[in-house]
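Below is one structure, written out as structure tokens, with a few remarks after it.
First chain written, first letter: the chains are A, B and C, and each begins at residue 1.
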Amino acid sequence: MTATVTPAPGAAPGIAAAAPVIRRRLDRDDVLMRLGIALLIAWLAFTLALPLWSLLSKSFQDRDGAFVGLANYIEYFSTPALFASVFNSLEVAVLSTAIVLPLAFAYAYALTRTCMRWKGLFQALALIPILAPSLLPAISLIYLFGNQGILKELLLGGSIYGEGGIVLAQVFYCFPHALMILVAALSMADARLYEAAEVLGASRLRVFFTVTLPGAKYGVISAGFVIFTLVITDFGIAKVIGGRFNVLATDIYKQVIGQQNFEMGAVVGMVLLVPAIVAFAADRIIQRRQTALLSARAVPLDPKPAPPRDWGMFAFCGVVGGLIFGVLAMSFWASLITRWPYNLSLTLNNYAFGNFDTNGWETYWNSLTLSAWTAGVGTVVIFVGAYLLEKSRGFPVGRAIAQFMAMLPMAVPGLVLGLSYIFFFNARWNPFGFLYATLAIMVLNSITHFYTVCHLTATTALKQMDPEFEAVSASLKVSLLRTMARVTVPVCLPAIFDVSIYLFVNAMTTVSAVIFLYSTDTKLASVTIVNMDESGFTAAAAAMAMTIVFTSAAVKVAHLLITRKLEGTTQAWRRR
Amino acid sequence: MTQDKSTPYLRIERLTKQFGTFTALKDISLEIFPGEFICFLGPSGCGKTTLLRAIAGLDIQTSGRIFQGGRDISALPSSQRDFGIVFQSYALFPNLTVAANVGYGLVSRGLPRVEIETRVNDLLRLVGLPDSGPKYPAQLSGGQQQRIAVARALALSPGLLLLDEPLSALDARVRAHLRVELRRLHQRLGVTTIMVTHDQEEALTMADRIVVMNHGVIEQMGSPTEVYRKPASAFVADFVGTTNFLPAVVAGPDHVRLGEINLACELSVNIGPGQDVTLAIRPEDVVVRNISPTTPNTFEARVAEIEFLGSFCRVGLAINGGDPALLADFSINAVRDLSITEGKVMPVALPPDRLRVFVRPPQAP
Amino acid sequence: MSHPSFGRLLAGAAAIAATALVADPALAQRTKITVYTALENDQLGPYKQAFENDVKDVEIAWVRDSTGVITARFLAEKDNPRADIIWGLGASSVALFDSMKLLEPYTPKGTDTLKAAFKSPTAPMAWTGMDAWLAVICYNTVEGKKKNIPAPATWADLTKSVYKNEIVMPNPASSGTGYQQVYAWIQMMGEGPAWNYMDKVHDNVAVYTHSGSAPCVQAGKGERVIGIGFDMRGAREKTQGAPLDVILPKEGAGWDMEATAIVKGTKNMEAAKKLADWAITKQAYELYGKFYAIVGLPGMNPAPPNYPPSADAAMIKIDVAKMGQDRDRVLKEWTKRYDIKSAAK
């Protein structure tokens, strides 16, 4: 780093353009940052790019590992039974999206734009499903509408097993995800626009269609894509309640676990990757068009009471919230029943997981361990990664690569990632093969699976910081590490907590990402739910699902308390 | 300050900065002497901040060199240069107290606690906020935050103080007050200071020398009086203060025609007769009192509109029988004495030494 | 955080390093072997204890999962095997491994006394059988009475229209038990008639489950009246209180056995052989007999509770190796016939 001034190539002397190009000398912080970015790229390559690459190459091989070109794909697309799943998956995803979007929009509208009572309660209630594994609503629905279900008559002879059941369960599962986005979108509103519309004599309906809806447009689109991706990549629901209705996610499982046909599993994985990536790319492109609708001068909207609307919304939220509560309560009740439907006396026996699964409660502790490691390691890696990308200068190629790879996991379904890990970590040449079948590989997998959302959260927090902190530090001869420790991390602490809690809860509930990766010692609670349900121990499966809900809820409450306490101490500066 | 005032403290040689195909700075050369207060003035996008950031090493130039105190710092990273910086946002660390902010650079120098405390107190007293140490930045007003940022920038006694639009986030009254404060501080400490601003009034009142920039080049460099009185280009005349621009044609040596009116003025040698030029004169230079038949450049004008501005009136004058084309600032006295009212036709004069002639109008690059 | 974790991983690595450096003879005495198994939870403890009691210098480390998962895992690891030996995995899976040359041929001591079906036909043997379980029909007596659906006595009964939408059976594409059932029908009836038969049964099937245990459990819960499953699961459900009849159809029944086989490339060949030998001792078969009605040693007639009065006689003739070879073809046909129909529902 001593040659700082190099003449421009082919420069002719005496012409202004021939002035030597200056290259900035790197100081310790620069070197550290670049090293960090290189490490980040290596990390993401190792946990994401290379596994996906091995999946891709596997889909072009036969069972003996010989390259067969497109043969597997040709077989896939010429087998109607397999191919039909593509349409089934799309159909379920579109249906679920079409149902969840208006419901969640109305619910979010009630929470943000009305003077309805009990908003806090309704909001909390609607967000609970996020804490539950996706299998929980499916299990509840079987108890409610299955052949021995308590509300079976409501189906008028129809069956809950199949497409209808999948869609219903998905609606429950996706609702809070959409709700969060829409609440955020609807919270941002400029009261002046509404005043203007009112002054101009626009009717309520007209105001809704000309002001409210356009204002929340990007939130609606984003929520739509999120639901679509969640549904199409979810594995648990279709497995439990899908009956004879095949979707892509269960096809992968069938190919790999049922038939040990890894190559075809890889093909289905690649097929599943397509709609997810298309949805993700479309969302990105549309979001890019979003300009700041909200100027800095916007006046926050304070809803005014309007009894007919408020009570109408109250009734609506009461029904939706009641359904959510009903589904949760059903699982809880079912988990306490001795022998459905013949012996309805209450028991805690279903929580003695050792009777239903070899590993019993151990799987729960494994899940806690996994979640703790995922939250711990993941938060550090993701936050430092976001910091490097946000705050470093120069090295544009490296940053672009890392940024792309940080956004990619959003589009990679958990099953696909999990399958790709099998291939990658089992390859004979891989020196990290020792990670195979350990808890560590599931930690890596979970961090990668949930990387993007956390990365975006961290990036948003970092963007809100003054971009000149680093320049000031440099002028004061203070190293970046020190500034990071003294300023960046303390200021971003709420976001850091959000990231870690997100990782924790998701690692507790995820099934699809780890279903191929666990081993006897490291079996997880969420996988145990699948296995117990598969073996018919539905009550025990419900019990484990409820155990996860209670754990996640406890962690969430602890998080809220800690955040509140933090605000009292380390975040004192936020108060005026 | 023991610096030799005749050798430049900061020397910038042929600096060019490219962002892709866009050239932000074109071949800039500049010398700044010890203890000077320099303003980089220009509209947004003119390259003034880019130049400041190049000096700070935050955005390194594409080519060209920078010497500070005789040392070639062209390629040095910020951390190895000697400067303190204040940003428009102040960039105060929100989670640290005022004292911790000011002492931020001192702590990592490993100075003893007591020494740091003394220095911080000195600095806080210097910026006039001796009791604010235990407060958080959010508890201070914008003006107070700005002064804390200055104190922090001065903590390590840098050889060069860089101010990037330090006053633009404040309201007018505080801004006017802080202008004076900053200027006083500079006079007391004598630290070489560069301030970036788009506010010409700020530059005129504070700077020893102003560097007027536009489209990545220096349009003019000089004392506030020079820049104001003798703008080197139509752009400078337009950007600094208010100027009338009148289209004219060169009529002969030292003469131009403004419609029917013949005006004497100083022409640079290379403008030949018949060429279109732009004539510039500031409103306050239009003479209305004491006009005699011998006063040069006198002609009749009609008062088209009068705008009352407190201590003076801005009068729109129609010449050659057309629309109002010439703005003139007349004192309240003059307006009263000469009973200037709308519609009045009266003689006005444009003193030849106040007329500037430019080949290009102000909008052209 | 005291559970399997990075800590344990590091400790493991450290331990390996330590043994390599010190080569402590006391540690080296007991060889730890990795055993892949699909045995039930409650079998693992007694099996391990009994074996380690007899063979002092070998220690068992179980890797246990369902048949499908263990099979998938073993195949995923075929380039880089992690198991030393398989003890208690479906013979059809083991036969598949054999056809892929992933097993170490070894004839354990004492094979002469075994029933013929419990010996792999090659010499030296690729695997030996432990116990066998039979396909059965689980019939919910309470729901049957309520809905007026009679108990079936034969496989043929299942085609009757009275069972419409009341039968649940494992999906052969995702469950080993399911495939074993389908293959058994093909063996019993011949390929053409078997497909005709399945066409009719398919009309009555409500759901194909992904697991072999699920049908009897679902029948036990009354979710369906009839589950096509296997004897051990049905007996267990009944023992736990489910209103089930576990019916052995008159035509005879398909079966699968659990087998023992040494993994090719094991680094603990001696220890693996000791386990393979022990797995066919009389003691071992007595142990198996506590859980299964059919074991590989003739003359023993174990009778675990609630099993259908069974006999070796009910076992139809099945060529396990051929069953493995035909798998892809049969599944393809099955998927074409029934998976697509169900998807279009």
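Some notes on this structure:
We take it that a contact is a pair of C-beta atoms (placed from the backbone, for glycine too) under 8 Å apart; a residue touches a chain by one contact, two chains touch by 3 or more.
Bear in mind that the values here come from a model prediction, so they are computed numbers and not experimental data.
Chain contact topology: the protein chains form an open path, each linked only to its neighbours in the line. The two chains most heavily joined by C-beta contacts are A-C.
Of all chains shown, the one whose average CA position lies nearest the global CA mean is A. Farthest from chain C, judged by the mean position of CA atoms in each chain, is B. Taking each chain's centre as the average of its CA atoms, chain A and chain C sit 37 Å apart.
Averaging Cα coordinates per chain places chain A and chain B 52 Å apart. Annotation: 87 Å between the Cα-based centres of chain B and chain C. Remark: chain A residues 65, 79-82, 84-85, 88, 142, 146-148, 159, 161-163, 239, 243-246, 250, 253-254, 256-260, 262, 339-343, 354, 357-358, 362, 365-366, 368-369, 372-373, 422-423, 426-428, 433-434, 436-440, 443, 519-522, 531, 534-538 touch chain C in the complex. Note for the complex: chain C touches chain A at residues 1, 3-6, 9, 13, 40-41, 44, 62-66, 68-69, 71-73, 75-77, 79-80, 82, 96, 142, 171, 173-175, 206-211, 213-214, 216-218, 220-224, 240-243, 327, 331-332, 335-336, 339-340, 342-345. By the touch rule above, chain B contacts chain A in their complex via residues 14, 16, 27, 56-58, 60-65, 74-81, 83-85, 87, 89, 91, 93-96, 104-105, 108-109, 136-139, 152-153, 155-156, 158.
Remark: chain A residues 4-5, 8, 16, 19-30, 466, 468-469, 471-479, 482, 486-487, 490-491, 570-576 touch chain B in the complex.
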